[in-house]
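The same subunit A turns up in both complexes below, where it pairs with subunit B and then with subunit C.
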Partner chain A sequence: MKTIAIIGAGPAGIEAASILAAKEETEILLFEKSASTLDNLRDKAFLFPDFSAADDLVEILEAKLNRDNIKLLSGKEVKSVTEQDGGWQLQDAEGTSYTADAVLMTTGYKVFDAHRKEELGYGIYPGVITSIDMEKKIKEGKVLNAVGDTPKKIVFLQCVGSRDEKSGNHYCSKVCCVTAVKQAIELRKLLPEVETYIFYMDLRMWGGGFEEMYRESQEKYGVRYVRGRISEAASTYDGKIQIKSEDTLVGLPLKMSADLLVLMVGMEPSEGTKMLTRQCNCADSYGFATTMNPHLRDNETAQPGLFVAGSCKRPMSLNDTLTDARSAVVKIAEYLR
Partner chain B sequence: MSKYFSPFVIPFCIGVVLLFAICIWKYIRWYRGFDRLQRAIIKKNILSWKFLPAIWEIVMESLLHRRIFKRNLVLGYMHASIAFGWFLLIVVGFFEAELGIHGSKPFWVAIFYRFFQHDHNTFASAAIFTQVMDGLLLFVLSGIAIAFVKMIYSRIVGMKKVTKHVIFDRFAKVSLWCIFPFRLLSESVTAAMYHNGGFLTQTIGDILPFANVYVEYICWLLYSLALGVFFVSMPFSRYMHIFTEVFLIFFRRLGVKENEQKSGYTMYELSACSRCGICIDACPLNKQLDIKGVQSVYFLRDIRYKMLKDEIADNCLMCSRCASDCPVQLDLMAIRRQMRDKKELDTKNNYRYLDTVRPFNAMDRVVYFAGCMSHLTPGIPEAMEKIFETVGQKYWYMDKDATICCGRPLMQQGFHTQAADLRRKNTQLIVQSHATLLVTSCPICYQSFTKEYKLPIKVMHHTEYIAELIKSGKLKVNKDASLKVTYHDPCELGRGCGIYQEPRDVLNSVAMLMETPEEREHSLCCGFNLGNTVIELEQQEKIRNAALENLQAGNPDLICTACPMCKKAFTRATDAKVMDVAELVSRSIG
Partner chain C sequence: MRNLKFGFAISTPRSINMDVADNRLLKQLEAEVPSFKRCMNCGACSATCSARQFTDYNIRRIHSLFRMQQYQDLEKELRPCMLCGKCTLVCPRGVNLRSMIMNMKKILTDPKRKDNE
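Our next item is the complex of A and B:
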């Protein structure tokens, strides 16, 4: 009988648990610090690049947990992970101890706190929201501006808290570019009259179908793109948001007022990721997990038996996270054999 | 005459003549380099009462070194014993010679008195003079001894780092240090032969195994040589500060100031720097980053010796932490700005928008100027708008849309003509508004408006304004005594404009203000001010972290500051809560 502890019941944790549990003589302890699973995914309306409903995927993933040998421990926050006599000892916030033969960390990300970019006015002007707020609005099917009217102009700003030396995050969060394209298309579908602008540094359409989405957003949905960062946001007397930027393709300063300014917030290691990577000596300078090497041993840490998968390693899209979880399963199986 | 001549006095005489000739020539040349305004100020004030405090300050600083005493007693004693002790040796020696040798005599007699006057009972109190002179010599020698120890272990005078001097300065220092031991030796030898010494020289003389005319002559020659060499090197070394500080204090007290360009007055400031190196320990670039060679002492030296590199001029945060410690009170920031002059850059097209900004009639209103940096921290202007509305004060938010910079950031980087353009436009807008009060949220703007503008209306930083509102009872705030806050003094507001108390008064009326280890004049720069264009972000962060550590030392619930730049610097770093004083007040309004 082998016991595998998986920390974090997000897409990676559930995917890995379900495959590992298919093996005989295996028990999975799936820790989740909040009361429910898949919290980040539940906020989403539709998924890129195929616009399938996120709720469908939630349902499929949840169904994968219906196995007797997967023990879901909701509300249990793992506070320490230590190696002991070739095995692993875990302790939760209440002090209960668990033992396991291998540990998989799928502690994931949190979104960048937009308050930290005060110049963009998040938390000060009600018209400034984050991409997460927008996703929830789209999911509700009801997008209103700060004064409760149908918005006429919506501006997206890329790279808030990513690729930004000043906020300390030098990396690209990978998913924001295509998310803005997706949300702009959804908004145009929802509110055909709305004008949508996306301010970007450069657009990174790296995944399958992304470039096509980007093209379609312009040709079919009339989404407009401006290359430039927004330097500051201010409110106008009628509750709109005035933004100052530079159109760097034209080389001229630009002022624009919009009903909503959507900040495409990047990914940061979650609190759990930061705590555990530091504890297990596998934290990079941001607090993401580091692996043995990025080519062939990208799920292994320097400690045998401790594995990592998903966005606790670096910003990752949903699909990459699921794939990464499956690759971690292979390595764990090899280790336990 | 010939009775009082011996060839060994020649080096001394040459030294004195050259010293005075060179100094007078330099001082006249520098004075001629004063600009018209500076000269007009001198002419206007030279016969005014300002003369008296100048003399007082000259005595207190140039002779007694009060500011150095305040900093560290041993360091103060060291400077005072050498400077004041030597001064007294010369003055008392002069009187001794006057009383001891009647009639006309050459000027060097007072210096080499014991050599020329063996009889120490020529006048009633001669014996007392002899003892006093020995006492003074001991006083000076004790200072030299401390200076010697300081060279090996500088912490004895409270300094972590000391100046690394150029070779020539070290040479001058050695000649200075030689003067007094040689004098002691010469007088002791003479005392051994003629019994004309005091408690010190006679005691030493009595135990000297050698004492004859040849030894005596060589000793007095060495003393004369040390004096001569020191005098000749003085105008070219850091010791030029000895006389120059006197002139500088005098001009400064009369009201002369640095201007945008280097002038004759700057030359006086450069030479008044004694290169004591007190600025090195004060400098955050040294303390946090171990950057050497850029501190004010080196910067001034490099200008004086015409070897200044642009990179050194630019590598300064302009936090004026060094200026607040400078015992000579040099206007270090102004000189730094002069050396950053970038007038050759053509930026004409950048300022065309100025013509498009229209004036606004704000009679009966307060002009509110948030400042460019406050636009990046919109929480601050939001809070100010709420405060204006709460007290029913009508205001004109002057830079809400059409933001014109106050010009100070440009000035800090040496764009003086461009800054003047902005000042002209802002002045025009403010005058045409007919308002009587300008409130700004940015210490940079505040310093600019109060020092570089000549506005006909009152200017207040928002902390002053809020303090007045609370004091007069116009603004009612709730005090949360359980909220522990620390206050960060922004460089531009504190050291720059001397506003330390008002923000503290405000914070005390809304929360529980805690003290921090380094505050007021000693507050640490947040590292993100606009002065430095050389250091990298990570280096700025190190400076910032040191300042944060100081603020978080007592585990406050909240850190408050009064500058948008400082606020941004701190919020970037930490999960700790950081707020502007105005924001905290706006939350405390009933």
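Our next item is the complex of A and C:
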């Protein structure tokens, strides 16, 4: 009997658990610090690139856990992971110990805290919200401005907390460009009269179908794009948000007032990711997990038997996360053979 | 507020001929201010710039013109800058714009200026 401990019941952890559990003589301990699984999916309405309902994917992934040899330990936060006599020992927040033959870390990400960009007014002006707040509004099917009216103009700002020396994050978060396109399209479906503007520095449409979404957003949904970073946001007397930017393609300063300013917050390593990568000596300068080799050994850490998958490694979309979890499974099976 | 035009209009070249461009001043500036190279042309500096509020002064374009080795009239173009440093505070790539501006001025007004002008 082999025991595999998986830390984090997000998409990566669940996908890996369900495939590993198909093998006989295997027991999976799936730790999840939250009371529920898949928290980072449950607040989403529709997913890029196919606009499928996030709730449907949640249901499919949850069903994969219905196996006797998967023990879901929800509400159990793993606090330490240590190697012991060729095996692994884990400890949860209550101090209970568990042993395992191999460990897979799938502790994921958290979103950048927009309060840290004070000049953009999050937490100061109610008209400034994050992409997560917007996702929840779209999910409820009710998008209102700060004073409870139907918004007429909504502005998105890319790269909040990513590609930003001031936030300490040099990397690109990968999901926010296409998420803004997705949300702008959804808003135009929901409120056909609303004007949507996306302020970008570079539009990164790297995934299959992304560029087509961008094109469709212009052609079919009339989403407008402005190349420039918003440097400041302030409130007007009537509760609107006034932004200051430059249209860098025209080369002129630009002012605009909007009902809502949506900050496209980036991805950072979750607290669990930061804590455990530091403990296991596999943290990069941000606290994401590093691997042996980006091409051939991208699920292995320097410690044999300790594997990593998903967005605890770097910002990653869902399909990349799920593929990465499956690739980790191959490496774990090789290791335990 | 309307833009009052008591600054200098940037005399943009009609075309950029990289075959005759002289990169010596650029290399000198990059050596003095290494962060100069990191600009991604986002426009945060020019959006927040104090001088920009009243003149046609555009620090992002001056950066770009220098990068493309188009130095003509740049020294004059730089004059509205009051060296307040706001641009440096907002730059997401950590470009030291204030130091860049001072070094540009120094390089452009150097009596032993290294280019052909």
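The rule is simple: the second predicted complex is superposed on the first by the 337 of 337 C-alpha atoms of A that agree within 3 Å, B and C clash if a C-alpha of one lies under 4 Å from a C-alpha of the other, contacts with A are read in each partner's own complex, and residues count from 1 in each chain.
Here is the rule we go by: a contact is a pair of C-beta atoms (placed from the backbone, for glycine too) under 8 Å apart; a residue touches a chain by one contact, two chains touch by 3 or more.
What you are looking at is a predicted structure, and each value in this text was computed from that prediction instead of being measured.
Participant: Quick check on the superposition: with subunit A as the shared anchor, is it clash or fit for subunit B versus subunit C?
Facilitator: In the superposition, subunit B runs into subunit C.
Participant: Just checking: does A:232 make contact with subunit B only, subunit C only, both, or neither of them? Give me first, second, both or neither.
Facilitator: A:232 contacts both subunit B and subunit C.
Participant: For A:118, using the defined touch cut-off, is the partner it touches subunit B, subunit C, both, or neither? Pick first, second, both or neither.
Facilitator: first
Participant: For A:201, decide between first (touching subunit B), second (touching subunit C), both and neither.
Facilitator: Once the two structures are laid over each other on A, A:201 reaches subunit C alone.
Participant: After lining up the shared chain so the two structures overlap, which partner does A:245 touch, if you call subunit B first and subunit C second: first, second, both or neither?
Facilitator: Touch status of A:245: second partner only.
Participant: For the three-chain arrangement built by superposition, which of subunit B and subunit C touches the greater number of subunit A residues?
Facilitator: Answer, by number of touched residues of subunit A: C.
Participant: Could you say whether A:159 touches subunit B, subunit C, both of them, or neither, answering first, second, both or neither?
Facilitator: Once the two structures are laid over each other on A, A:159 reaches subunit C alone.
Participant: Look at A:140 in the shared chain and tell me whether it touches subunit B only, subunit C only, both, or neither; answer first, second, both or neither.
Facilitator: neither
Participant: Applying the touch criterion given at the start, work out whether A:168 contacts subunit B, subunit C, both or neither, answering first, second, both or neither.
Facilitator: first
Participant: In the overlay, one of 2-10, 20-28 or 38-46 from subunit C clashes with subunit B and the rest don't. Which one?
Facilitator: Clashing stretch: 2-10.
Participant: Could you pull out which residues of subunit A sit against subunit B in one structure and against subunit C in the other?
Facilitator: In subunit A, residues 119, 165-166, 231-232 are touched by subunit B and also by subunit C.
Participant: Per the contact definition, I'd like the list of subunit B residues that touch subunit A in the complex.
Facilitator: Going by the criterion above, the answer is residues 375-379, 382, 400-401, 537, 567-568, 571-572.
Participant: Across the complex, what residues on subunit C touch subunit A?
Facilitator: Residues of subunit C touching subunit A: 3, 40-44, 46-48, 52-53, 58, 60-61, 90-94.
Participant: Using the touch rule from the top, collect the residues of subunit A that touch subunit C in their complex.
Facilitator: 119, 159, 163-166, 201-202, 227-232, 244-248, 251, 253-254
Participant: Tell me, which parts of subunit A touch subunit B in their complex?
Facilitator: Touching subunit B from subunit A are residues 116, 118-119, 121, 124-125, 165-168, 231-235, 242.
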